Amino acid sequence: MNPTSQRLILPLLLAALLAFPSFGSDFYVELVAKTLVLAIFAMSLDLLVGFTGLVSFGHAAYFGIAAYAVAMITPKYDPASLWLALPAAIIAAGLAAFVIGLFVLRTKGIYFIMVTLAFAQMVFFLFHDTNLGGGSDGVNINFKPDAAIAGWAPFDLNEPGQLYYFIVAALVAVYGVLKLVLRSPFGRVLIGIRSNEHRMLSLGYATFYYKLAAFTLAGALAGVAGFLYAVLSGFVTPELLAWHQSGNVLLMVILGGMGNLVGAIAGAFAFTAMQEAFGAWTKHWQLAMGLAIVAAVLFLPGGLSAIPARLKRAMTGEEK
Amino acid sequence: MSHATPQREALLVAEKLTRRFGGLTANSNVNLTLERGTLHALLGPNGAGKSTCINMLSGDLPPSEGRILLGGKDITGLSNHQRSRVGIGRSYQRTNIFPKFSVLENCRLAAQSRRQQPWRIVKDAVRDPDTLARAHAAIAEAGLAGREHRIAGQMSHGEQRQLEIAMVLATDAQVLLLDEPLAGMGSDESAQMVELLKRLRENRAILLVEHDMDAVFAVADTITVLVNGQVLESGDPDTIRKSPAVQQAYLGHEGADHV
Amino acid sequence: MDFYSFLIQSLNALQYGLLLFLVASGLTLVFGIMGIINLAHGSFYMIGAYLAFALTSLTGNFFVAILLGIPLALAFGAALEALLFAHLYKRDHLEQVLLTYGLILIFEEVRSLLLGDDVHGIPVPEIFAASIPLNDTLSYPVYRLVISAVCIVLAVGLYWLIQRTRLGMMIRAGSHDRDMVQSLGIDINRIYRTVFALGVALAALAGMLAAPISSVFPGMGSQVLIISFVIVVIGGIGSVWGALIAALIIGFADTFGKVLLPDFAGLIVYLVMAVVLLWRPEGILKKG
Amino acid sequence: MSEVLLEAKQLHTYYGSSHILHGVDFHINKGEALGLMGRNGMGKTTLIRSMMGLVKPRHGEVKVRGDAMTGAPTHRIARQGIAYVPEGRGIFPNLSVKENLLMAARPGVDGQRNWTFERVLETFPRLGERLTNGGGQLSGGEQQMLTIGRALMTNPDLMILDEATEGLAPLIAREIWRIVREIGKSGIATVIVDKNHAAVTSITHRSVILVKGQVVFDGDSEVLRNNQALIQQHLGV
Amino acid sequence: QDKVKVGLMLPYTGTYASLGNAITNGFKQFVSENGGKLGGREVEYFVVDDESDPAKATENAKKLVKRDNVDVLVGTVHSGVALAMSKVARENKTLMIVPNAGADELTGPLCDANLFRTSFSMWQPSYAMGKVMAAKGHKKVVTLTWKYAGGQQAVDGFKEAFEKGGGKVLKDMTLPFPNVEFQPFLTEIASLKPDAVYVFFAGGGAAKFAKDYAAAGLKNSIPLYASGFLTDGTIDAMGEASQGLLTTLHYGDGLDSARNNAFRLNYAKSYKAQPDVYAVQGYDAAQAFNVGLTAVKGDTSKRAELIKAMETAKIDSPRGPFTFSKAHNPVQNIYLRKVEGRENKVIDTPEKSLADPARGCKL
């Protein structure tokens, strides 16, 4: 998507998101909210996959760790403070990413894909097989975090409408942070690493630390998504960290078109929309979804975010 | 060929560099001294170990033995990015650029490496006047002016070779290690490059690996000839040109023309 | 653990490792050599098992089923390559991931539509049905030994194909630079089609051979998928011996992990992978 | 002797929207040695890639031995006895030197097997010493020898050498010129792209100069060598 | 009157797909036997595939409860998913009927007025098995199951009765779900030499286990007992290895009663397949709901009366009549079954009207 059309389309999309609750039913508001959470998750992964060239197949670990952090911090019969739970979740996820990053970033390419998977699986089994977080049955979060500061509550996450806007705000914030990061010298280095890490090294960049910073940041942002997911669904299971989850978010990023934040958001929407539409339509929805994905790969190279450029080419009558 | 220099300060010194690959010794006991204001050419047949030598100096390969000093300080233990930061820049024999970026971005990244401020994430990278200026200057010097916005990977082979040089220039290194910078360049560009090299050596130390003898003899102050990883001979261009050993191992007989 | 049961457990580990190698062997070709990240590998394994089931019920003979199943799988693989994968080689590798993910969904559903969701079994063929007694209570099924033998034959065959034949050289060359291979007058498309078909057939063969001992059930593909990738990667991508060694390591880690550290059994395989890759970031045996 | 091996008529090639070749006519006869010259970025490589089927020309025609093969798959064109040594080498780093050579081995169009593994090693003894090394571990010049050797293993009737002497030591470069000449003598046609005009014009029969995707000179190499003004104008020395 | 909205949240893809289908078939069979109606109202189905994925459970349940506003939520097979569902149902005060998931908590600490179960609790069949094995004189036993809540609860129930009967468990072994490489455990069993083995497995893993057990030569030396899921729907896959296996469950194929025979005949006619325990549980879910709905003449707003009617009902199930316990779990017979041919033949009824202890339930 070229910058000018993005500048036009983005505010429109945001307006649509803001207006949506006035039209959609409760259920769809919640569904869109969930999709937005996944969009945040997908954007955080895109920072690694699309921009830094680090294909992480274990990104759900940080998402899940943040969700578990919320679950653990929330007392059984009381809400936790939002101002405690949110930073705690983000820090837990970021810290986990930092520590795991120290190890996994020593490998490259397909090996990197597999080591990230390995660490995520270890985290998965840690929650699944031990009683750390309720074992394979997961834990309920009985109360959503409380936004009160010294008795005054600016908003109430128990209100589905307010929770929705809270999530929209988070999406905008994460998008903004990523945009800033990507246009900064730091972000340029990441993009350079994706293109040719060896040359970055010989130009004098200590790429390991840049990658570690990106990995940690992506983990922390996945933590934002994990936090929101836990608050939204009120239920945390080890499945949140399973490799399917890592796979799904990776698929969203690829489907949307790697290296494009709006693409990641579009990927999240396309993915849930397909699940919803086909699920409502037929018992064999997975067949329909599979066919749709195969068709998308064959006929939409570069993912959804490549559509505008293709349209433009088609209109100006240029062939590839 | 020699030319007057204000100070002949030894910038980079390699002592007894040795590198083994399994049973093969690609460099053995190579001593080199690169002085500021001079251009030192490293010659040798294919597979003699010239690139290996550059790789050790640039930190891309650890030496098996020997040490490397920069301005008197031992830098043998520094990795390649650390060496770049202390002022050693290199170009590659096989083009090594960012193929998807524009020429400008390639050089801008190179220039940015001198002023890394990763924590300043609010700053817009492409708006840094200093870095930009340096990038543009490097592009112009390498003869790519006017092609700033071409995508590097979509340029011809020769143009990519020019970009390769522009990137080293943008890092503003004190020591330049150039691995066959002229390879693939046309005659015009080669001639320009020779001029550029003459200008560059004014206040830098340059190590040049090159098979283009016309160019080498036009710019080199000192020449070292490597054969089978060992220094065969080292001296000023005239001595080297006349050395029978060098002729036999590398140059072939002068006057055999180009054919 | 006394010495005797240690011995038997080692035998179990060895045998399990070999079985894992059997499943991973097709992946060594398709993923390790051709570089296609094929998530549908598990589905080909599942398809093989169901083929064996369907063909055995049809013909009444397991061996006939295998003889029929292999050409079917080859044809299926070739068709898939021609229709889908052939269009993707020049694209980002991750788009293959998306494609093969779609294929998993399709294969599972089609299987469910055609053959239902029931668990099926195939009897172990008569001549291999015996067991060798190990001690007074335990005996060892002959069929498992037969599978082990097949694995070893396959490993040798694959090694020979990849490392010693010109076809193998062309495949490896093609995974690096398709244009160059073509410029040498080699029809890389046909070679890739052949190899992909071979990979599918190997996965299917693994499914067919495993069917009598593992039974045939929905979701059996996804169970072996990740572990196969783990094996190919630990072994060092592109190395047949590496994969074999990795499969054995995983076999041992898993077997003894279950017995000695049951609480962490699930974690151990991945711990092994992480440790191996941190120790040797390119797998146990590198390319070549 | 004047049977046309490879021919391009009015080729127009684009990369995306940039128009690179503007109607190039080109041909090479059996047994002929031809120099293809031009400054950086003038379209030499693009012309070769278009004829090899590696990029599709948008207009124009490519004929091999008189048969139209525009847009035919590369391997079919190569199988007509055309060997291509690309610039930047294109060795397979994940194959050993020996494998790089063996994988390409093939009898020529007439079934001739003049070039064998042994003969290639004789020609490039340096390669013989590094047979088990990975292709990626070779020095730059060794890689260059390997690609030429590999092309010879296909027993071609036409060799296209794109910057074949780039990065070769003077002695070896001379050796390559000698081999090219020998190849020519044995009846193999050659298209040579090289920045060393003197060398190219002295060993080829005919020269072609490309400027901005158009042929500006097509004629006797002898003539070109003696016309310094022309060289100066189009190649810049 | 409007149609009554029935939400079916069951697995239609993945490992448990066949279970989800059987439950659906059973449910629909009752409805059609009942003239296409429940409580006198036409039925409209809302179906969601839960994929047995707990991570999606909350959202899927909300789909039915909030989007479709179903009158009753029926589901599901996977215990983890059922737990998440029950939370949504509780929060929204939706009537929910569990047609399979056996997690003890559903009718234990998490019991709820609006939550009924027409299947079993993990504890029930395994407790009965503990009693059976103790009675058979086995003293030392080894247990083996997948390491997840269902398996653990089954083993706990078994132990409770078995140890009460004077037996001793030598070793509890578990393997990660859904791992199916059993060989090391078989070796371990052979070296421990217990009098008998008790296991809990289901589906494809169950079939493989029975085959491996037989192939290792253990079947003839150490008797194998299990909860009935081991041999339900898997006999064909096990082949020879299944013959003679003893299991306990609240249903058996050959249960010879007029009610069961009629049910089986009808099912076979409609679906061209033999019904299994899952079909029965689905059938009974429809029956139970019908009882409640009929009592209020189809008026779902009279929730309290509807529940009251279900609580006091005697459900005429193909498995034999049952009532609901205080915690809304079936009080039912547990049968001892033996595999003969392709059937789970009922050979005994070790527990008559066994009620789950419902520990932790405050109803």
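Chains: A, B, C, D and E, in written order; residue numbering restarts at 1 for each.
Methods note: contacts are C-beta pairs under 8 Å (C-beta built on N, C-alpha and C of every residue); 3 or more make two chains touch, one makes a residue touch a chain.
All values derive from a computational prediction rather than experimental measurement.
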Both-way neighbours, i.e. chains that touch subunit C and touch subunit B: A, D
Subunit D to subunit E, fewest steps along touching chains: 2
Interface with more contacting C-beta pairs, comparing B-D to A-B: B-D
Centroid distance [mean C-alpha coordinates] between subunit D and subunit C, Å: 43
Rounded Å distance between subunit C and subunit E, as computed from the means of their C-alpha atoms: 35
For subunit A, residues that touch 2 or more chains besides their own: 125, 128-129, 286
Set of subunit C residues in contact with two or more other chains: 108-109, 112, 265-266
Touching residues (chain side subunit B, partner subunit D) in the complex: 21, 43-52, 93-95, 154-159, 162, 180, 183-191, 211, 213, 249-252, 256-259
Contact footprint of subunit B on subunit A as seen in their complex: 180-181, 183-189, 192, 195-196, 198-207, 209-210, 213
Of subunit C, residues touching subunit A in the complex: 37, 39, 84, 87-88, 91-92, 94-95, 97-99, 101-110, 112-113, 226, 229-230, 233, 237, 263-267, 269-271, 273-274, 277-278, 281-283
Complex contact set, residues of subunit B against subunit A: 58-60, 79-82, 84-85, 90, 92, 96-101, 105, 108-110, 112-126, 128, 167, 171
Complex contacts: residues of subunit A adjacent to subunit E: 25-28, 30-31, 34, 125, 128-129, 135-138, 140, 233-235, 237, 239-240, 242, 244-245, 279, 283, 285-286
